[in-house]
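In the two assemblies presented below, chain A is common to both, partnered first by chain B and then by chain C.
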Partner chain A sequence: MTEKDVVERLEEIVGKKNVQADKIGLTSYGYDATLLSGVGMATVFPLSTEHVVKLVKLANEAGFTLIPRGAGTNLSGGTIPDGRCVTVNFSRMKKILDIDTENFVAVVEPGLVNFDLQAELEKKGFYYPPDPASYKATTLGGNLAECSGGPRCFKYGVTRDYILGLEVVLPDGKVIQTGGRNFNSEPGYDLTRILVGSEGTLALLTKIFLRILPLPAAKKTMLAIYNQVEDASQTVSDIVAAGIVPTTLEMMDNLLINTAEDATGAGLPRDAGALLIIEIDGHPEDMDEQVETIAGICKKARVREFKMARTAAEVDQLWLARRVVIGSVARRRPSYSLQDITVPRSMFPNMVSGILQIAKERNLEVGILAHAGDGNMHPLVLFDQRIEEEVERVHLAEKDICALALELGGTLSGEHGIGLLKKKYLTLEFSPVAMACFAKIKNSFDPRHLLNPGKIMNL
Partner chain B sequence: MTEKDVVERLEEIVGKKNVQADKIGLTSYGYDATLLSGVGMATVFPLSTEHVVKLVKLANEAGFTLIPRGAGTNLSGGTIPDGRCVTVNFSRMKKILDIDTENFVAVVEPGLVNFDLQAELEKKGFYYPPDPASYKATTLGGNLAECSGGPRCFKYGVTRDYILGLEVVLPDGKVIQTGGRNFNSEPGYDLTRILVGSEGTLALLTKIFLRILPLPAAKKTMLAIYNQVEDASQTVSDIVAAGIVPTTLEMMDNLLINTAEDATGAGLPRDAGALLIIEIDGHPEDMDEQVETIAGICKKARVREFKMARTAAEVDQLWLARRVVIGSVARRRPSYSLQDITVPRSMFPNMVSGILQIAKERNLEVGILAHAGDGNMHPLVLFDQRIEEEVERVHLAEKDICALALELGGTLSGEHGIGLLKKKYLTLEFSPVAMACFAKIKNSFDPRHLLNPGKIMNL
Partner chain C sequence: MSNETVNRIKGLVGEGNVVDSPSAMARYLKGQGRPLAVAMPGNTAEVAEIVKLANEEGLKIAVGGRVVESRGLDGGLALVMSRMNQVLEIDHANLTATVQPGLAHTEFSRILAEQNLVFPPEPNVPKTGSVGGCFALGEADSQAFQYMPVRTYLLGYEMVLPNGDILEVGNKCIKNVSGYDLIHFAVGSRGTLGIFTRLLVKLLPPPAVKMALVADFASLPKACQAMATLIRRRIFPTRLNLLNPALAAGIDPGSKGNLVMVDLTGFKNSTELLAEEIAGIFHLAGSSEVQAVKEAEGYAKLWQGWLDLRGELNTTWAERVIDFNVGPMKLAAALQALTEITGDLGAYPGLVAEGLLGRVRLLLPAAGEREEMAVKVNALAMSFGGNVSGNFGSKLVCRAYNDAEMWEGIESLLGQIRRQFDPKGILAPGVSL
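Up next, the complex of A and B:
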């Protein structure tokens, strides 16, 4: 089948306005939040499970591959098209099918934006805990594919912990439902959780059953400012060691404080070595005691200033600064490479000083951003893509950072997957036997390698 | 290889005292907590990962299958030997390898008894949330294989939510480690969670990384006594609908109140229609307000008596009554069939009245025991195994109960797996396409069907 024929058949399935095969369309969806890009044959926007089934059948018949895509906010090249492929853009399958407050369950389509769900839930006194920094753009299907975390995940866990069931289209076009509205184990093998974090390589999502929670009765947001990044990371260790579980423990270093301040004017202290945004939630009666304990720990770790956000506007401004920080580094250098390693949280201070050391050795600017409580760190290595020699040093630094995380008992990815970017490092973490298990799972679901081929590992 | 040769080779691997192949040994480990039994060639007690590797290699070489076993407390026939097989009894691999309070992680061998871990953790101010009723006997490896729950799981989730990583021996004798001490996503496919709940059919566990939590600062245990079981189940719905999440919401009906009272003399009200054991935990300051709210909800649902356990001894006595209740029914009839269905919790009252109806129609005594908050119910159908006609009615009632649970959007198993007992019902819940996915997963891990064959599904 020629490319032209493929496009015609796609148009028959979803209608002309739901297919883009011109240069602008192909280029727009050939990128994600990495520096990678590629070009496929077309981008198609299914509106229903039936559409997805037909697309999968056509792909089998015409011999092309499918690249599922949400908002493309992933940081691992997980949605980059390559070769004879069609991008399946789920952004028009975004209905909220049910908000079931009695059972603490929401049922949604995969293209729904995380924030849009949160807004609807809030009206009913509920929320969905996983909240990636990009939650205003990122889709729930994409969150599931990457097993995303977010600031609140220190207390509440990652996407995996909130997925109760799925409807998916398998690579042969057949549809199954896994799980549903029940909270206990799933009989048989746990199909739901093998699909969570599988980066769109095993099946295409068409429906998601999410666990939701009632909004906490009270919340407090604190800002702790330090002269030294080491003091901030010591605070993180001390809070965890004291058995306190804040909702959020976010860290930004001096470089990122400044780029975020450039972008937002939120009033962040430009001369600080680092800051922590600390949030707690729970019953109103507990708040004061917890704030006091945390303030004491910060003081012990030589905090320069410790303040409470007094108004909703103050809270919003802090979070705005945090949420724009990744984009804001563009003001400093034209390119960045964002890492996503996780270490056991007791190793957090070691990882922070290790990154500073690597930055020095490789002569690179590195901004440190971290969901610090659960040891998930996003070092941002800044550079200029056009300077070849610098790019080489960036790759060396990436490898150093991955190796150090593994040395400290950590892992290559916290919440952004392996995609294309990290697959060269996967064998550093996993033995050939474990890699063979991955391959067996992929091959048992998708023997023809129809779905997102080349992502996670080469087969 | 003859059976005698197999036994000799087993003795070479683990030593004579760690093999039992006499009639008493075979019979002892031919049972579990169901009415099923079988006989294998031998029971072997490995002491190390190396032993397990050698056992798996021998099984491949000599052509026998392996039946992993913890304490045999499962209720689905998951450890019943059959044919040319050797039971691998993990009860002597029971070391606590590490309690890492800084990272909230415990590392244990699979034969460790749940209670023994809890006792050690408590000394350090920690606990492991999943607490099956049988926790004084049941092993952590067994809990993992069945994805067990327990009374506390309403608030804290099931075993799946507390497994961070594993060391396992694959059916070809190779060893892999999955996950570890990190809390975020696992790169690649989530091997840890495909193994949780896989009932010993994919790999043999040799090490488990568990997530542990600091002990809550305060706890309150309440007893609510009702004239009618329907009022108790209404209370459960109302508590959940009010957005309150107790640690525990356990229900027992009149029949079970009486058998438990026979067994313990705990002072339970023999004439009550049902009782609820309600436990909350959290900060000391919150306790009174929560107790008051719960008392109000109970009152609205016509509670006959609502009392707080005032002393540790009173709490212990209540829990003792709850924990012995399954065994206690032996005083009433010689046999029981325990079901393990789960329904979305809003359907809990419907399921309770449905079970009462089924009991009436099938003319059987049924005791209702439930982890009510998360909709996981254990109806106990009482009978006499020697009366053939009654056994037939029991099977019909079992099928009715499963069908009703599925009709209400529920699932066949909450925490005791499918094993042998429920596999005939699995196709009621899963489509042929989903069943084919299960088969593919089994075949990709264990193509020779070496591990626990015939459990979950026939292949």
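Up next, the complex of A and C:
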């Protein structure tokens, strides 16, 4: 089938206005939040499960591959098209099918934006815990396929923990439901779990059953500023050991404190080594006791400034630096590469000093942003994309950072996924036996390698 | 399996660690199957050697912590993991433990308690359950609303695959999305994907306070209404379990009616306030007696009673149990509707409801009628947005939707995965997916 025929058949399935095959369309959906890009044959916007089934059948018949896509904000090259493929853009399948607050379930289509769900839930006093910083733009399908995390995941867990069931279209066009509306509906293997984080390589999601929770009755936000990163990480360990599970333990290092201060002029001390944003939630009666314990722990760890927000405006003020930080590095250098590794909590200080050492060796500026409670770090490597030699050094630093994380008993990715970007490092983390198991999973679902080929691993 | 094979196995794990007389094997087996031997490997290498041998000889293998399901195991080999029962590491800084799979679940809990740590999952069977078995079965238990399902506590493992290869995945990081999620996928696979030989699990610090409330309700609908009131008021205890009179008597001999058991774990201030509020709600809802259990001994005894009951449901009574879920707030209406099938549930042999999860287990008068009952119960559960659990339930759902294609899709996918991992069909012959 020629490309022109394929486009015509796509238009028959979803209607002309739901297919884009011109240059603008191809370029618009040829990239994601990495520096990578590619070109496929077309982008198609299905509106229903039926559409998706027909697309899959056509792909089988005409011999092209499918690249599922949500909002395209992933940081792993997970939606980059390549050659004889069609991008399946789910952004028009965005209905909320059911919100059942009494039974803690919401049923949604995968193209629904995380924020839009949160807004509806909030009206009913509920929320969906996984909250990637990009939640205003990202789709729940994309969140699921990457198993996204976010600041409040330390207490509440990641996307995996909030998916009760799915409707998916398999690569042979069959529609199946996995799981259901509760914890105990999985038949045989936990198919839901293997689909979470599968980066669009196993099946196309068409419906998601999510677990939702009532908004907590009380919340407290604190800011702690330290001379040294070690003190901040001591604080984190001690809080956890005291049996307190904060929703959030966000850390920024000296470089990022400075770029944030450049952007906001909020009055952060420029010589501080690290800051921690600590947030707890729960029963109102328990807040004071926990705040007191946390304040004591911070003090013991030689905190130089400790603030607790008393009003909503003060909460916003404390969050300000964290909210602007990624954008703020642009004042320093035009490009950044956002890394995503996790190490065991006890290795946190070693990883921080290791990253600073790598920065020095590779002659790069690196700022460290971390979800410190769970050891998930996002080193921001700053550079200028136009300087080829520097880009080379960025790649080398990336590799060093990954290798160090693994050496410290960590992992290549805490929440952004492998995609194209990190697949070359996958064998550093996994043995040939594990790699063979990945292949077994892929081949069970998608023996013809129709879905998102070349992502996660080459087969 | 010939004598020669048994001898080779004895050569691998030591003569004293293989049992092959039927009378001696009995204590390690459940079910009617007749394996030729029971072997107790002492380390990963031995497990891998045994599996390789099984591949050569086309020998079936089933695994258990202390007791092995013998269904489908005629002429095969039962592996009892009880010698691999060590705690290899407890890491306080990262709140993890590394253990061998044959470690008894209750023993693990005891060791952790001494170190002021907790492994939340409930044992499937307190007397015989192992940590390996806990993850191999991987159910959500009655604390899952607060503590999340069992799979949440598995961070990594070492496993001998059906071809004898050794798979290692996971690390001490809670956040980990590298590669496909083999870690959580293995939970609940019931020994079909491989044999766990080491587990890395997540621990928690203990809650500041623990206490329980036990409320007696003459009327089952009123007990359900009382539980619904808690949920409506956004009171979510750690456990909220309901037992009908037949089962209640086993836990509290003094009880007259249905028992609602509430577990509260958390910070002191809120826990005490909640206990008062809940007691008030239960009185208003018509409970004849609400008892607060605050001292450690009574608290431990009460929940041990619950765990023992759960163990019975999972073993002795398993063939008589139908397990289904509906939304938590639909419990009252679903149980009301259920009486049309079962008659008065107050007089029924057994009924357990986990209120926050909307999970119900019905203990039938006899095993023979299970399939027929499950079909009826599933239709009922579906009308309340749920279904009978497990793959039988899933099949019934597909049947009810008249969706043969969906069932075929699920079945062929499950079969495909199993064949990919175990092409010779060696492991867990008694488990059908």
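In this text, the second predicted complex is superposed on the first by the 434 of 459 C-alpha atoms of A that agree within 3 Å, B and C clash if a C-alpha of one lies under 4 Å from a C-alpha of the other, contacts with A are read in each partner's own complex, and residues count from 1 in each chain.
Please note the rule applied: a contact is a pair of C-beta atoms (placed from the backbone, for glycine too) under 8 Å apart; a residue touches a chain by one contact, two chains touch by 3 or more.
This is a predicted model, so every value here is computed, not measured.
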For the three-chain model obtained by superposing on chain A, do chain B and chain C clash or fit? clash
Touching A:P334 in the superposition: chain B (first), chain C (second), both, neither? neither
Check whether A:G296 is in contact with chain B, with chain C, with both or with neither, and answer first, second, both or neither. neither
Find the residues of chain A that appear in the contact set with chain B and again in the contact set with chain C. 100, 102-103, 105, 146-147, 149, 153, 157-158, 160-161, 170, 174-178, 180-191, 193-194, 196-198, 214, 237, 240-241, 243, 282-283, 285-286, 289, 342-346, 374-376, 409-415, 417-418, 422, 426, 429-431, 433-434, 437-438, 440-445, 456-457
Show me the residue ranges of chain B that touch chain A in the complex, using the header's touch definition. 100-103, 105, 125, 146-149, 153, 157-161, 170, 174-178, 180-191, 193-194, 196-198, 202, 214, 237, 240-241, 243, 282-283, 285-286, 289, 342-346, 374-376, 409-415, 417-418, 422, 426, 429-431, 433-435, 437-438, 440-445, 456-457
Note: in the complex, chain C contacts chain A through residues 91-96, 138-140, 144, 148-149, 151-152, 161, 165-169, 171-182, 184-185, 187-189, 205-208, 231-232, 234, 266-270, 273-274, 323, 325, 327-330, 357-359, 385-387, 389-391, 393-395, 397, 405-406, 408-410, 413-414, 416-417, 420-421, 433
Where on chain A does chain C make contact in their complex? 100, 102-105, 146-147, 149, 153-154, 157-158, 160-161, 170, 172, 174-178, 180-191, 193-194, 196-198, 214, 217, 237, 240-243, 282-283, 285-286, 289-290, 342-346, 371, 374-376, 409-418, 422, 426, 429-431, 433-434, 436-438, 440-445, 456-457
